[in-house]
Amino acid sequence: MIQMIDINSFGLLGGDRRQAALADALARDGCTVRVWGLDGLPLDPKVKQCALDELLNNSAVVILPLPATADGRTLNAPYAPQPLVLDDAFAERLQFKEVYGGRMAAVYATSGKWRLIDASDYYTREEFAVRNAGVTAEGAIAVAVREYEGSLLGSKCLVAGYGRIGRALSRLLRALGADVTVSARRPRDLAWIELDACRAVPTASIGAGREPYDLVFNTIPAMIFPRRVLAQLKPGCVLIDLASKPGGVDFEAAKELGVHAVQALSLPGKTAPRAAAEIIRDTIYNMMEE
Amino acid sequence: MIQMIDINSFGLLGGDRRQAALADALARDGCTVRVWGLDGLPLDPKVKQCALDELLNNSAVVILPLPATADGRTLNAPYAPQPLVLDDAFAERLQFKEVYGGRMAAVYATSGKWRLIDASDYYTREEFAVRNAGVTAEGAIAVAVREYEGSLLGSKCLVAGYGRIGRALSRLLRALGADVTVSARRPRDLAWIELDACRAVPTASIGAGREPYDLVFNTIPAMIFPRRVLAQLKPGCVLIDLASKPGGVDFEAAKELGVHAVQALSLPGKTAPRAAAEIIRDTIYNMMEE
Amino acid sequence: MIQMIDINSFGLLGGDRRQAALADALARDGCTVRVWGLDGLPLDPKVKQCALDELLNNSAVVILPLPATADGRTLNAPYAPQPLVLDDAFAERLQFKEVYGGRMAAVYATSGKWRLIDASDYYTREEFAVRNAGVTAEGAIAVAVREYEGSLLGSKCLVAGYGRIGRALSRLLRALGADVTVSARRPRDLAWIELDACRAVPTASIGAGREPYDLVFNTIPAMIFPRRVLAQLKPGCVLIDLASKPGGVDFEAAKELGVHAVQALSLPGKTAPRAAAEIIRDTIYNMMEE
Amino acid sequence: MIQMIDINSFGLLGGDRRQAALADALARDGCTVRVWGLDGLPLDPKVKQCALDELLNNSAVVILPLPATADGRTLNAPYAPQPLVLDDAFAERLQFKEVYGGRMAAVYATSGKWRLIDASDYYTREEFAVRNAGVTAEGAIAVAVREYEGSLLGSKCLVAGYGRIGRALSRLLRALGADVTVSARRPRDLAWIELDACRAVPTASIGAGREPYDLVFNTIPAMIFPRRVLAQLKPGCVLIDLASKPGGVDFEAAKELGVHAVQALSLPGKTAPRAAAEIIRDTIYNMMEE
């Protein structure tokens, strides 16, 4: 018997609210969408919840969540009825399909059969990272308003790092009327920071003397704020760590020194699932076209 | 015996975290500060918690909270050990002092003796209202980021009303990259809205046809969003009501129509008590100088 | 014989490039447009240049330039073949027409017959003034870039006065990355200036000490920059006077003190005639509707 | 005899107002500055104008202009009393000095002896290019205000190219309230453009259909605007070419098609010589430190 599959049929496995929002966005675009492992989450009526077998039998494109796996052994699927083990058998079922997922390296390591699968990682795409940074920066603004008891307008802010999030965030802060300093290492980045109408300082100089900031945002995935540096911040300073785990702040020392340090994780997946989903969708569309 | 009072001695009665932050701000400026009725709230060590008598005997300036009374009968003092009744006896004790408070009309009505007191209302001052609007607008941004599942960047926003909050908020939204429409009645305000690089529409035209907005902010204290208008918003639209009670939204109808309506009260007192307190302090300083 | 006039027929008298641009804008909107006194200026082919009599016989609406008269005796019509004297005879010919013009008081003074004419002054309309301020502010930016040898980004700017032009200009300067201080008198305006993320100073304090500004913009029609104040500016400072004549700067003293003072007149009529014309058109449309 | 040279002694050869401003800036920083070839330009009294020999004998650091040579044979020195030929003899005199200049490749080609000289090109430095782009963008704004008869606020602008100048310029235009579209080729740049709150289009799509822009800025050094594309712009459109010669516009065709095309050359050297000079100075300081 010949298996007929609609080439615009998407099957989404696992994930959380962001993956659910992705299903909705694809369905709104007119695609056929099947999902497995999003039990209990609200979904567009056009999205079809179904069994794993049915999904795999009928989907030309399979989309795994971000991250695709948290433990390196099972799919990241907190809303699934049971764990989905990433093994040879699972990989085999994905052959002859297009597979997209986020942070796929740990998935590829689960079976040699992945070498034969047409699989791609949307997380490694620049346009994904840039747009994600924009939404993350918005989330950081909301965290800052909530955690800081003063007004962003006129506040003294430090953004450590001028990568994508640093760039997006420093402009938003400046746009909201904050007095913004940004740290970077390269002379070229220091020049761009000045063009953003922010003050530029070398990252290495952070903590060399008393730091007058009301709010500090860390975007660098390295220990930029050890005890020695935290001791230079003023008491009552709010420090928001946006770097992925293990982060760049000695939280224990912060507590002792009266610095109010906050780890802002899961931005933007949790705070803006729809925006995060649309970014994944557009990135996958770009990859499908190439 | 002659009662000697330091003319820079402030006595703060009642209030909440904002009043506590005001005590701290005055103390940091070097003033002598006594408080009553802030039991259990963290305070700067220089602020002296004391009995009502001691406070009244030693303070040249007495500051009441905002609002000074909620019930028209007792001081607004949720953290006080017992209610402070606003009567002739209380008013008498304030004679020969400078008294400042917020929304004082209801206090003045409690006793004829208030006519003899040097009392002023900081809430009626324009500079208070303007700066408060700025902090309220920041709080509204944080509410929007939290409640809206998409990204503010590129979102279609409507701000109903171009009073102080409307003005402050529309600029912040535009600065964050939203596509902003603002409503007003007067041609002059429509012109200013365009100068803020926003689209201007007459307030009366809201709801005349389908409204394409992702986010709607109401700042007008009137029923601008009855069922008829809500029915023109797109399902999933987030509506944030910033007008003081009773507000400008038919919340029941909103629920039925799938509009996610949120009443954002207590901005900025709750979300930015320090900023709110500094605004009160600066306004009182201005009034004392005049 | 009955005179039949198209009620959408506009007759434009005198003026310069702005008036010509106004004729074009009206013609593009589908109106019948006749002009007199714009000889030699490029005009849309749909605009009909004609003799004074023909224009007056056939136009239901007559539009005079801004200012309508420069000398109080003749129409402001530098491109006209001969002067048009503002006398009883001229006024008589405008009866039963709608007349619009800019700065009409001096015209009204030329003949008692103006009391009977349905004449209005678009220059006194708030929405005209606000939008004009926006275009004037853009022109001031261009003057600043041309006259100042440094970069606006990071420059220290003072805007004297927070009227319409001060407001529009200070936001543009801030948007371009300048470090902006604005002066005003009222506490409420000082609060708005801070909400615009600029520094606020009382106007009276200008010149009280050394002033560190690279660029100073005066918008106040009063002698704000006499010799005493100019002496406090740093040598090489560029001072741009946007106040209408006689302006607010002692230009002679400026020269002696090494302050590079520039009188920026005719903004926006000369630098942005099309924008200026569209503002007049929209204002007249508003007035016709009311 | 031992030649003693102050190691902070700068000798500047040739150039124009920017080089003169560089001399002033170095002198204000406390350096010893000698210049040759700036006859007739105003200079700070601390700058010493001297003969070529005296300059070369006494300067540890020699700074050539930007570009260092225009004809590949003589120094770019329009204000010099006579041409300075770039030959072996000249190169020999620079040995054992630090030499900095702009666009040095053509100078290096004049003599094999340059291989032995400690010479560097500030023009190739990223931080120079970035900051220069900022000042160029400001100059472009001033050109736009001057050439366009409408208002930038609300105007439809296209910026072709998202290199340094495109990036700096698109943000300024957006900050001034324009409706900005930017073209780029890479998905990552398109994502950044959207984060700048501008509309992103692929560069290849320019001219594929009618283009609704009031203002077009070209920053790409390639023929992006041939006749075919110009024919898609609306008549009266203002096109400002910021690309260095030969530029990216068919100026002849533009004329025929009613597109007002302007070649904006010598930004920022001519319009902001002081800013341009400070950028060169800071870049040279960075290079001396490394």
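In order of appearance the chains are A, B, C and D, and numbering begins at 1 in each one.
Just so we're on the same page, a residue touches a chain if its C-beta (ideal position, glycine included) is under 8 Å from a C-beta of that chain, and two chains touch if they have at least 3 such contacts.
A quick note: this is a predicted structure, and the numbers were derived from the prediction, not measured.
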Given chain B and chain C, the chains that contact each of them: A, D
Contact-richer chain pair [B-D vs A-D]: A-D
Distance between the centres, which are taken as Cα means, of chain D and chain C, whole angstrom: 35
Mean-CA-position distance for chain D and chain B (Å): 51
Geometric centre distance via CA averages, chain D-chain A, whole Å: 39
Multi-partner residues of chain B (each touching 2 or more other chains): 134, 153, 194-195
Chain contact topology (line, ring, star, complete or other): complete
Residues of chain C that touch chain B when the two form their complex: 125-127, 130-131, 133-134, 168, 186-188, 190-192, 194-195, 286
Of all residues in chain C, those that touch chain A in their complex: 153-154, 177, 194-197
Chain B residues touching chain A - in the complex, by the definition given at the top: 21, 134-135, 138-139, 141-142, 145-146, 148-153, 172, 175-176, 268, 271-275, 278
